[in-house]
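For reference, chains read A, B, C, D, E and F in written order, and residue numbers begin at 1 within each chain.
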């Protein structure tokens, strides 16, 4: 039957609104961490993506990612301009809600993913180049990877990889792209000797709170209906976020002597990242474990940049790259058919193969995204230039790129 | 006439203001400044990175006075601002050539 | 049948919450744009309206706007104090949700409309007079116009004017009232030679984000159920907002050399305003076009005030007046019965008459609202005085009207 | 039948998300009122509770509060670690939504209640002791009281006490605990002679707005379905909040000569507190009256602290203690079976007994919570120490407890 | 050379800056300060508690000048900053020993 | 004793502080100020309206020194603060009558 279920539709629409709200939430989360002269530039990265990627998604993005499969690798352009994407449900994706509801829910994921990357090149990227990068990256990286993992006929989906709400597509993908970007763009002027304090931590915490709030839409909405699975994903999402909040803060308390609020906010996001691929496949106590581990792991992962010497300004690699990878693998450990019949069992539930499949999905995404992102950025660096002038960096992106000032208090 | 500049601990401001009002001081100007000195600063930690902050918030008091008022005011500030702990601050006395009250155009002592 | 549908009810309640949240969102949007000494006064305008108009709506507002029709012009007072407005659905408005759900959803519209006006007289209005103005304006302007357009028996509704979610009732209405207010109250002291910089743009952008988020409730909720129409309105709303964000920024980039974040936030609001009347009547590509046009149009519309010499402090006329008018007329161009059977076709779909009907609704609203607002304000100016004292304006509304200070950082 | 209703489930999940969002909202509400050197410490109190209490609730909290009854006094540990708490509805609590949905909705209440208390000891509590206090308080105070009032077999529930959404469990409970805490911890250094201005009122107002927004989930969600009762609770919640916003501001305008924005925000919260126990039992005009009274009453209640000489930093006693008590008693006055068949009539509807029952529930909660909180705090004070060192208080909690600074603008 | 310090009402800053540019003054430095004086402050009210705020926002202007420029500049500031109401502020003149332009190392008048 | 006031570019502060520590300077006080001078400001654009901002953020350094330390410190500041671009700032030297350390009441050189 093709009937639209009002409860499911209400849920997915509100979930879409929540996920949309995450992108400005991210803008605040990132905006509070940069120096005050870059607050608007940083916020603008996320905000303008709302404009750009929406248009891209309507025109060709949705079609490439979810449209009729071409060889397991990409969707065709048959749905260009949303042609044929109407109100009637498209059963292969979601049988009880209008096709457009599925499309707009997915759009919000396509928006936030490139926005996540912006944390790595904050405080120094040229705005015009950034705009071009975003469009290229969505087209050449996000859309294919989304197709592989979620599209009907996508090869990773067919392989049996489990990714409930975007561990590979969103987090590993953006996290590893961020590493490529940090390497190509180079360090911020003064990095390592001048202090780079967050300029407004209440803003960052508020941003983290909005992310947490919106993530309920992200993960529970990925059940595509207001059903038991949605409830299960909602519960695991919250538990993992809380557990990682606690474990990050506790780790740094032990390790550095102080429990910090930025640590609490960072831990929350790390937990949310890690549970994303697992949310609809694991139970509450598994979520607790995943969250606790993610908080500790990501705390130490951010030290990588000091060790390896790249400047991932707002720790996209450490939180989304490492957290997402951990979550995708943890799904291969903790997944259970008792929770989700349509999923599979993980290693701890007697099915070691799943871990291998997860590792393949992770590896493929890491390699593909890293390489293609690197190429895009190198080409842009040669042609348009990736980085603002020395003096513009000193003056800050707000003045140099936007002729505005964040605060006149 | 003299200008007195005192660098003090911020939380002492109200107390000093009241002590000076007791001396019939009619006006003063204050500025938020940061001081570097013997008093050590603090450490901040952001995502595991530690930063040592040397500059400590202080308040600068500026007063223009008739020479006659100077000794008393110096004494009052020094005593009131004192906690006995490092970082209590300094008082400087500078010469002043002229003073004008904008509202009236008065000059000299009567403008203070 | 009189059964309440849980999906529809869930959707309308959450939509009501979202629309309620828009008013504090507006408070931030406006609050960030004024000088720091007026931040609280500006926020207070919106916040106190939540208190005032709720009471007004419960007592007589809902009855006047939606109660039993008197001659096509106004609702009677039969529903005074919500008497007779209960849980059972009132089928003529919404058959699947409790009557009170419809009432509270509409209340949120009645609240935000006068709040929109406050942007025009920001930084100089006397608080006491403002309170009286708000109550008079709701009673004499908002309630009748809402009745004409949406009330059973309202004459513009019967004429066939299409206004999905409030292009005329909310935006044209508040936008033209704002023009009247700007003319009566006069320019802010120092306007034109002193700089009037926004004091906190991150706050403004956050406000715009909340508005966007809440607007999903505003527009999609206007379908009054979690149905295909709601999905369609949700999708067009988002697309238009994104398109206008992009086109405003791009326009100023070309025209003034810099893409600004305030431009992005303003563009988003302009797109949301323009799509409001059209949301449930047009398809995604039409929404894209409406959004793109709205961003360009409203960008240039705000220069009107410099040309014509009035001081519309936060550009209510340029964004809501012009954007709303454009949207209402665009509905007459792009509306299609393929999208909404209960609507009509616009000019581009073979029905030029609709454009004429839209123009009548626009014209009537413009004239009525402008004239009555002007009269109310003139009378208040003579009796209570509209504007704070010279020195109070200099000290700022926060200190002079509220004895408070926004920040002690 | 055991079928899950999608509309109800969608509603309760979104309501849970809204209530979760209240805790960071509270963090802002409180955070804006303290001095800038304590902003992070204050926000952290609420934020870390999200982590701590979630874990506590999953492990033993839910079981103690809602698990199989032991003698009317406490739930057993049968549901430790959510064992047996699955997707199938647990009919005795909520028949149309998964049991886990009920569990997670209740979790959000368990989180915000201890967060409310933190306003009283703001600016001077030791972080480590605070963490221990929170866990003890939840276990020894919140869980039992929640069981008495809401748990199957709880003795106050069986007595017939009406508490729709937590007047006793949440507000009286936290309000009176706050009084105990204020008494034990003592006044802030300089209290009474130094000025303690709010450092960021826009933040406080934003927090109040989020609280209001989230409270729709809190109160309407307490209907546990998207039904007529939810609509009724939603409407009364909004009306009371608005009425108290107005009446608080109006009272201070008359009494002190100025209508303040902090007053508007405080009034909104007072109204929301007072309507909480009554929300699903009273009609719109009763809500109007309750709200109007709450605004006036709580305004004067905060003067108590000056009279009685304790330092309840952010007025938890005045707003939540007094407002909650008033609301619980007002439920005994205004409740009507016409609104909720499953409730009862209050004094004004011919049933004076109900007022007596309400008074018992209030009295019991006041006494139990006060005494146990006092004991916990005294023990902690002797063992760990409750208060930061003198110099740490002067430096602020942000630096001394967390080695962070709120703003670098 | 002399240093002129003027405490003025903040909203007068632009006007004064323009007047001084008219006198061909090439540079100045300003600071946000708070003043205490005859002008009374304001009251703030938070949840019913009243606070009297004595310190009023002012702007401090600092200019280094050649002795020859001093009389004219004093006159201009005094006239432009004047509103005639209490709180208009003060002008102080202090002696200066030496001036150096960092960019070039120039000293004395040519460094101003 | 002398008072040295230096107006510098904000991002030079750390470098200068370190250079001065090298000279065994024990204390200094800094203030955020805004400067107007040859260096041109910037343009801000809000909803199409352009504003020219003339005042540029600078940092003011204040040091009280024994006369003997002055030449060396002037040289160090001038060299370290210099970028060679317009807007590098100025150094002023003012006479000081007296210095008091609040904590101990010491005066003169030993109070610095």
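Methods note: contacts are C-beta pairs under 8 Å (C-beta built on N, C-alpha and C of every residue); 3 or more make two chains touch, one makes a residue touch a chain.
These figures come from a predicted structure and were not determined experimentally.
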item	value
Any chain that touches chain E and chain A	B, C, D, F
Computed distance of Cα centres, chain F from chain C, in Å	51
Whole-Å gap separating chain A and chain D, where each centre is the average of the chain's CA atoms	34
Intercentroid distance (Cα basis), chain E paired with chain C, Å	45
Per-residue overlap in chain C, given as positions that touch at least 2 other chains	5-8, 10-11, 14, 197-198, 200, 226, 258, 260, 262, 403-405, 407, 409
Multi-partner residues of chain E (at least 2 other chains)	31, 44-46, 94-95
Contacting chain pairs - touch in the sense defined above	A-B, A-C, A-D, A-F, B-D, B-E, B-F, C-D, C-E, C-F, D-E, E-F
Chain E to chain D touching residues, read off their complex	44-51, 53
Contact set on chain F toward chain A in their complex	11, 14, 42-46
Chain D residues within the chain B interface of the complex	190, 193-194, 394-395, 399, 403-405
Parts of chain D lying in touch with chain A, wherever the complex brings them together	4-11, 13-14, 16-17, 20-21, 24-25, 27-28, 31, 39-41, 43-44, 47-48, 50-52, 54-55, 58, 81-82, 87, 97-98, 100-101, 103-104, 107, 127, 200, 203, 226, 401-409
Contacting residues of chain B [partner chain F, same complex]	2, 6-8, 31-38, 54-55, 58, 60, 74, 77-78, 81-95
